[in-house]
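We just call them A, B, C, D, E, F, G, H, I and J in the order they show up, numbering each chain from 1.
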Amino acid sequence: MNEKLGAVINRPTKFLETFENPNPERNYHIRIDTPEFTCLCPKTGQPDFAEIKLDYVPDQQCVELKSLKLYYWSFRDEGHFHEKVTNMIANDLITLLAPRYLKIQAVFNVRGGLYTTIEVEHGHP
Amino acid sequence: MNEKLGAVINRPTKFLETFENPNPERNYHIRIDTPEFTCLCPKTGQPDFAEIKLDYVPDQQCVELKSLKLYYWSFRDEGHFHEKVTNMIANDLITLLAPRYLKIQAVFNVRGGLYTTIEVEHGHP
Amino acid sequence: MNEKLGAVINRPTKFLETFENPNPERNYHIRIDTPEFTCLCPKTGQPDFAEIKLDYVPDQQCVELKSLKLYYWSFRDEGHFHEKVTNMIANDLITLLAPRYLKIQAVFNVRGGLYTTIEVEHGHP
Amino acid sequence: MNEKLGAVINRPTKFLETFENPNPERNYHIRIDTPEFTCLCPKTGQPDFAEIKLDYVPDQQCVELKSLKLYYWSFRDEGHFHEKVTNMIANDLITLLAPRYLKIQAVFNVRGGLYTTIEVEHGHP
Amino acid sequence: MNEKLGAVINRPTKFLETFENPNPERNYHIRIDTPEFTCLCPKTGQPDFAEIKLDYVPDQQCVELKSLKLYYWSFRDEGHFHEKVTNMIANDLITLLAPRYLKIQAVFNVRGGLYTTIEVEHGHP
Amino acid sequence: MNEKLGAVINRPTKFLETFENPNPERNYHIRIDTPEFTCLCPKTGQPDFAEIKLDYVPDQQCVELKSLKLYYWSFRDEGHFHEKVTNMIANDLITLLAPRYLKIQAVFNVRGGLYTTIEVEHGHP
Amino acid sequence: MNEKLGAVINRPTKFLETFENPNPERNYHIRIDTPEFTCLCPKTGQPDFAEIKLDYVPDQQCVELKSLKLYYWSFRDEGHFHEKVTNMIANDLITLLAPRYLKIQAVFNVRGGLYTTIEVEHGHP
Amino acid sequence: MNEKLGAVINRPTKFLETFENPNPERNYHIRIDTPEFTCLCPKTGQPDFAEIKLDYVPDQQCVELKSLKLYYWSFRDEGHFHEKVTNMIANDLITLLAPRYLKIQAVFNVRGGLYTTIEVEHGHP
Amino acid sequence: MNEKLGAVINRPTKFLETFENPNPERNYHIRIDTPEFTCLCPKTGQPDFAEIKLDYVPDQQCVELKSLKLYYWSFRDEGHFHEKVTNMIANDLITLLAPRYLKIQAVFNVRGGLYTTIEVEHGHP
Amino acid sequence: MNEKLGAVINRPTKFLETFENPNPERNYHIRIDTPEFTCLCPKTGQPDFAEIKLDYVPDQQCVELKSLKLYYWSFRDEGHFHEKVTNMIANDLITLLAPRYLKIQAVFNVRGGLYTTIEVEHGHP
């Protein structure tokens, strides 16, 4: 965001904040998509781009939105294979939230004529 | 609606009206979507916008359309987190209608590059 | 239809014709949609518009297409609530056809910012 | 709109209301589309359906929205050929508003496999 | 935006900030659209919703993005007719920026089956 | 059309009917599209399929819709090259109507991986 | 295809050719759609148009593509009701192929404002 | 096309056939698109894919469809830069047809995150 | 990709490389689509085009992306029927990867008005 | 591209390469779009994302594709306002190519509910 009035300077971080699930008595879905994920190819060093789609059923904790944005930002200068980075994000969120269900889809931009998507699921929806 | 001929001035209200289900002998679905839901962010005070999708199977009562519109309007000046407000709407409608099935989806407008949807389900479709 | 050569003047009617299912030895689906359904609001008298989607598995009888068109036309000057008129159409077709399965979806045009759909199912597809 | 709380009963009318153009010092466009126009075929008596698209540059007067809706409604029980009814609407609005520019497009639903649109323009955009 | 970490509380304002056009030696277009405009109907008091599309060629000044967002927010509790509010926004921006060209389109949500768009242009693109 | 009640048996014909332009004092457009045109390939005898789009500004005469449908039908068993048949239709309509403007577009279905469209214009729109 | 170089003249035929399934050890799907099906209405003699969608799991035999095209062509001058012709095609292919699964969908063009689709299934996918 | 009955074996060729324009007395457009163009990258030898869009106004000659298909095929094993091959096709067709107008657009598949289109025009449409 | 700086010349190959599944402890999906598959028709020798969609759940090995691209390229000069080539690709990948699940869909470009898709599945998703 | 076989490690660079226009005798368009542009907000330091669309008519020089990709990459760690960075790219390409015509459109991702596009044109198309 273009915070030109009273701008807040932010930093990428691996630290994910949580808040208490306001309705843990019920199973419900939280879906958060971002088309703004980018990291580097570990072989060539060139940028990769992906849309990350998160869908989870919270137990006691929910992931805080701004910290999730900064967490995604933290991959910007890191080199990762598609399969590995998708599982890393899934593992970080599963460890953080112990959710009743979680799915991560990483839809990578085309490379060499190939369109690649990695989809990781934890538990049952 | 622009009721310029003989205009009726309306007010937002938490009071939801019902009418008797004309066909309670049968399970059937009533789906009511509105792209016109807005409330405030409880942290920053800024407006949030969402599309609210309701799908329910009535038992003895159905929700009256105009009162539902005024009920959605009543959130306009209130501050709520996404997860909480979606569960509040679900709870209010479940208490009012005791429906055989109910689902609420709140599709919030993008904030900080993140697209958030909350989906609450009650019973089985 | 614009039947300008040798025009046939038709009338709306509640009378639905049938013809014999040519293949009753098999379960198969007949789907007939019309975007041209209109009736009146019983409270305000103003026109409502809907798309009616019919899907059924015939037993011994199928509904004749032109009589279905005239039947839908017969609602043009009648006042009905959304829930009631959808169940009426379902009941009339179930009584007429005794189908192995039937579903009616009535997708009403937006009113007051609310998009309403009523869906009635009979039997299993 | 489903005005179930304190319902106002309305009537179709050929009488179109106007209000004063709030900014006559400037040329600007007002576009009003309705997918809810219906009249009758003058040959067969069967319903025709159309989307009516209006685009005009007001001079001293603007057409009032609710009266336009009731005006469109007034064609519901009248028989008109496609070409004639589109020119009628254009003429009525030109007489009423004396606009600097006006265009009417009537997009009729398919009949006999033919999709017909009539477009009338008055002045230059 | 969900500024949950170190949140900045903002206020709606009619005060629009500008910054110096970095390239006044060239004619170029700046287009800023928001689907998040809402004000009130001056007759009924009910909320209206619109998408506001701005397109301008700057002269010496550009409008600052965050102040534009707060400016749009300032209409949230005000009652305005469609035609008037669109011209008001155009006038405020023309006074502020003295742009070489400016166009405002306000695409209002459907009311009573009518879809209304107001388009104001200043100068030539 | 499925005219099962009191069916009228029709025949394909090259004879096109007209009716008097109800508003010759004004230039306006009549657009009639059909996705249901089929003729034969003059080399192989196999069926070709096209969508025919007609746009004209009438002078004293308009083409009658049902006769146009029967006219299009008359090509069903005839063999014609794409370029020729499109010009034939244009010529027949120009001779019949002496229109102020006319355009025919014939969008043929893909053959051998090639998508062909022929567009003929007469006069200026 | 426009086979203008060394053209082959073909004929419509009810004779369907097959070839041996190259991989009968596995269940797999073959889907063949054509938007180019046309026959005649048995009541009025006028042309009907449909898209035919075939999906099957072969056992020992597959249907040869060119003969399927000529088979569809063979209906061009025949009069059939929608329900009957769809079941005829299904029966012919089931008799020919003895497939492990087969589905035919016939999506007919709109007639009298009604959109009709017939769907026949044989076995389980 | 899968010409399995009485198959004709074809060859790629640079030889383009023409036929006489059946209506040279009139300016009209012939548009032929193919999504099936492929050649090789002259640097890496890897396949490139493009959609080729041709639009021309014939003078005395039209390009024959099947020979155009074989002509496009002839580039399959040749190495060419995007800009060059598009101009080559334009030049070959201009030399062949001496058209009143011609445009070639070559829409290449994405490479390295870049989507490239080359557009060559000859004369005025 | 247009590797004009320090170009690497590549060759088509049937040799598929693998790398170790970084997360074999979890079932997850890898989806790789290419719109750039082409081979030859074994009857006519003419080019066929298809989009190949791969979806698999890896066990111990994943297919390396660049080698998959070169593998698809290797079919460019080979003649294969649609059904056979799709099963060949499935078999090669199943032999290579011994995946927990695999699906191949080959969506071929239209030929003779027929759109053909072959879908092969191995195991359960 | 995932250059895992014989990988070439690349670096972002401001150095743009050119090659000689192969057809300077003709005005033609080269269009190159990338959805993969990212830089930083100069106020907050957070990433911005944009699609960059380039359209130019070359004179004596064309921009080399791979160097353009590396050039766009060079903005990844730089902070720039939307208006400035778009004019910078335009200026760099105009200086490099001295094109007969050039247009740059930068379509930025939504921030704070505002969708911003900057469009710079040089010369006439």
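Methods note: a residue touches a chain if its C-beta (ideal position, glycine included) is under 8 Å from a C-beta of that chain, and two chains touch if they have at least 3 such contacts.
For clarity, every value in this text was computed on a predicted model and none was experimentally measured.
Would you mind checking the shortest number of contact hops between subunit B and subunit J?
The least step count works out to 1.
Could you classify the subunit F-subunit G contact as same or different, where same means more than half of all interface residue numbers appear on both copies?
Same, since over half the interface numbering is common to both chains.
Farthest from subunit G by Cα centre, which chain is it? Let me know.
Greatest centre separation from subunit G goes to chain E.
Using Cα averages as centroids, what's the distance between subunit A and subunit C in whole Å?
The answer is 47 Å.
Taking each chain's centre as the mean of its CA atoms, how far is subunit C from subunit F in angstrom?
33
Could you state the distance in Å from the CA-based centre of subunit E to that of subunit G?
55
If you average the CA atoms of subunit H and of subunit I, how many Å lie between those two points?
Distance between chain centres: 28 Å.
Name the residues of subunit A that each touch 2 or more other chains.
1-4, 8, 10, 35-36, 49, 65-66, 109, 111-114
So in the complex, the part of subunit B that touches subunit C is made up of which residues?
Residues 1, 19, 21-23, 26-36, 58, 62, 65-66, 68-69.
Inside the complex, what are the residues of subunit G that reach subunit F?
Listed in rising order, the residues of subunit G that touch subunit F are 1-4, 7-11, 35-36, 38, 41, 43-47, 49, 73, 76, 109, 111-112, 114.
Give the list of subunit C residues in touch with subunit E in this complex.
Against subunit E, the touching part of subunit C is residues 49, 109-111, 113.
Flag every residue of subunit G that touches subunit C in the complex, lowest number first.
Contact set of subunit G toward subunit C: 81, 83-84, 86-87, 111-122.
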